[in-house]
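In what follows, a single structure is set out as structure tokens and then discussed.
All chains are identified by letter, namely A, B and C, in their written order; residue positions are counted from 1 within each chain.
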């Protein structure tokens, strides 16, 4: 059904039930996301896509649009909230961009630039986290995990459908885990898929390292904003 | 795969949605859940071992390594700390020979902390294996631990008469109900459940819903959603199956009314579930019982069995074309499961992670089917409304908050326990009723709720539009240090955050640290401004009610007791920030020098 | 840290060639800018030099009192703008940062180390005792049988328990991320401040690595 919503004051005709984050992108309004993957079930974990819907703050990846919806994206207060959420992630983990293989290809970093982060307003926590090198083709650099749950929900063993990645424990104690046996059965293309799906440099393909030169890296060629907006048009 | 694991899998038909029960069965058998057991279970359920661990590691009371023959959890609530908690804690460590978080050398005792275990009217209190001990003192600890060392079981100590665990006397042997007044709605003796249900089933389900709507009954869990509307939505929803879930996971610190209701009037609750099922067209009910109330399990199962025996549950209930039955689902220690979608995930054998809403449970809940999740008290009240009529009920209370509600009262008062008050009662009236001594602050609805100043808020009324209390009420007199209470509450939210969303998981820690800064006398106005701003972020962007409510302890006390913060704030002198702790910054080197060089 | 039996002379107290009074007056009338490094690799200081000839346009308005080319330990007089490289990792860093905060109107964290601790802050995940032990006591290069020593002398600043971003020690007004930030980023911030514009580091030159 064709419906009509208001997006930052602009009247937009769209289809009922489409996800707000996609509707906004189709209309040239970029909303940063970290856990959301277009076409996959929404995870709603990072909250970075928070916008104001009919006066309430909501995660745009979790909201199907409905007629008459009033949406504010680039309004100062909610813009600052999105920035604050990105800053929370930078202070929670140990995000040492200069030493990270994913730098330049990292969605968290790219979104950091988009929201204009210079520093985190929250105290940097420097939580000790251990690495996991046990599987053959992948390793986990847990310092960088943002618990988006993309790998947990979207990467499954081809044969059994079982989870390869999982979350252990809860809250501040939570850790990302990898099932070594299942991981060692992953075909090379699935290994690459997992490493690329990870929005940060937590799931890293072994023996690859810093494979693109500075200036030629993914988000230097085309920013995350351009990619988000362009993908919708196609 | 060993025999026991195979039996467990067979018993639950290898249904992975029953993983919680299987983990409990394994732990009961072996004392903990070994890696080998996890592997077998995973194999039998076609899950990866880590998937099983996702669930296992989420819950406080599941253990993946030995945690002693006797598992002891001492409640560390603020109320306990007002009543000799430290002595009890020390006595436990001394008598058992182990430190908190660990197991003693012989593997006899495991000592752990627990957040509120629903006994705030008789704290300090602890869980030992499947029973509880209340009103603890150091002497009582010595007695209990000595008996355990002599080989007695915790059940034998708590229940020396050897009463069956199916009998209410078993519960009464260890826990007092402390019902302090007799109201119009709850705890009625000699109800003719059969006749009441018969009369209900003789009407149309739509009439049951209308009765709820006319009575203006609202959910007693806290959110106050109209019960009639919820059931109507459930009735209208499409689904091959529909489910009724009774939320007996009252984890809000300070609350224990559901414990007392399930002890004294379990059939009121069961009857409410049957009526709800009739109204929406459900055949299956789940009573989700928090692990802290495990000593009620056999008794409640007995009540369910008795109901079934009387024909009030099962097939063709009282001859009507209506089948309905109830199973008990045990929780395993996670406050967040009080959120209805987290509770449903838990019922499905998963981590208690709140779902993304919409869809709401009433549209897609348990196993993706329409599910009505109702509070224990709501269901008990519903059964009374059907019995006595909506006019009888709505004549009580106020226009928008009809009827009565139960209060769980704890803290600085002469008569802690359960009170039934009509909505519209004022805070001062309640203070008088409970014999509050020189009350200063009153925390209602637990840490997630509001902090009231008796001086400023005494005339305010308990009702949905003002003091919308979920039943927890804790009183603090003028001698109590409110800042420490707030710090404890913030710690509680950090410990209980499921961690699925960023603001609650990471931001809660920052708020806790700010409270510690205030208490240490190193915070400035700038810190308070940041607390206010960050609180707003958590409230606006968290995924579920736990996160959105987590800043409340600070915000409420900043509002009601600004002076206690003002006294602690410092003004910056010189260039260094007051929050920068020079002593701590320089301490590390000296300590290292001492231990590595001087003492080596 | 100081010992009364030892006479300490700071570099800014040493005799220096006197300024041409006329030139001094001109320079003193300009906006005074200083830059110092705390616990960093000096790379951000080099980025300031990397501005190269692009700085010329600003030299009408600003003068640089302390930077890599004037090796002063103290700012000779009050400055409008202070750039700080590096985080706070020892007692001296605290003292220097305090001195800059007291003597600069605007203080700016430059680079990853100043902004959040950077590479030196990798030690924050490990207790200091373990770090010192690994470096000096159980070091692979420790001389077998030698007396165990952790360097300690009044001239060696005591290391802090952990590495702090500058803004956890004193108030910082602006932040320029990067490891190091490009000279263009430092210039942009300086240019905004000098010309009274709101500081705005465009996305195109904001880098965390």
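As a working rule, a contact is a pair of C-beta atoms (placed from the backbone, for glycine too) under 8 Å apart; a residue touches a chain by one contact, two chains touch by 3 or more.
Not measured: the values here are computed from a predicted model.
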(message) Based on which chains touch which, is the overall arrangement a line, ring, star, complete graph, or other?
(response) complete
(message) Can you check which chain pair, A-B or A-C, has more C-beta pairs in contact?
(response) A-B
(request) Going by C-alpha centroids, which chain is farthest from chain C? Tell me that one. (result) B
(request) Determine the centre-to-centre distance between chain B and chain C, using the mean Cα coordinates as centres, and give it in whole Å. (result) 52
(request) Report, in whole Å, the distance between the mean C-alpha point of chain A and the mean C-alpha point of chain B. (result) 33
(message) Based only on mean CA positions, could you tell me how far chain A sits from chain C in angstrom?
(response) 35
(request) Check each residue of chain A and list the ones that touch at least two other chains. (result) 91, 123
(message) Two-or-more-chain contact residues of chain B, please, as numbers and ranges.
(response) none
(request) Two or more other chains in contact with one residue: find those residues in chain C. (result) 162, 168
(request) Please name which positions on chain C make contact with chain B in the complex. (result) 91, 94, 97-98, 101-102, 127-129, 132-133, 136-137, 148-150, 152, 158-162, 164, 168-171
(request) Note which residues of chain B are touching chain A in the complex, please. (result) 46-51, 53-54, 57-58, 334, 351, 356-358, 494-503, 505-507, 509-510, 513, 530, 534, 537, 540-543
(request) Mind listing the chain C positions that touch chain A in their complex? (result) 109, 112, 115-119, 121-122, 124-126, 162, 165, 167-168, 174-177, 179, 201, 203, 206, 208-209
(request) Show which residues of chain A lie in contact with chain B when the two form their complex. (result) 42-48, 50, 57, 59, 62, 64, 81, 84-85, 88-89, 91-92, 121-123, 125, 146-147, 149, 157, 160-174, 177-179, 182
(request) Would you tell me which residues of chain A are touching chain C in their complex? (result) 90-91, 94-100, 103-104, 109, 112-114, 116-120, 123-124, 126-129, 143, 214, 223
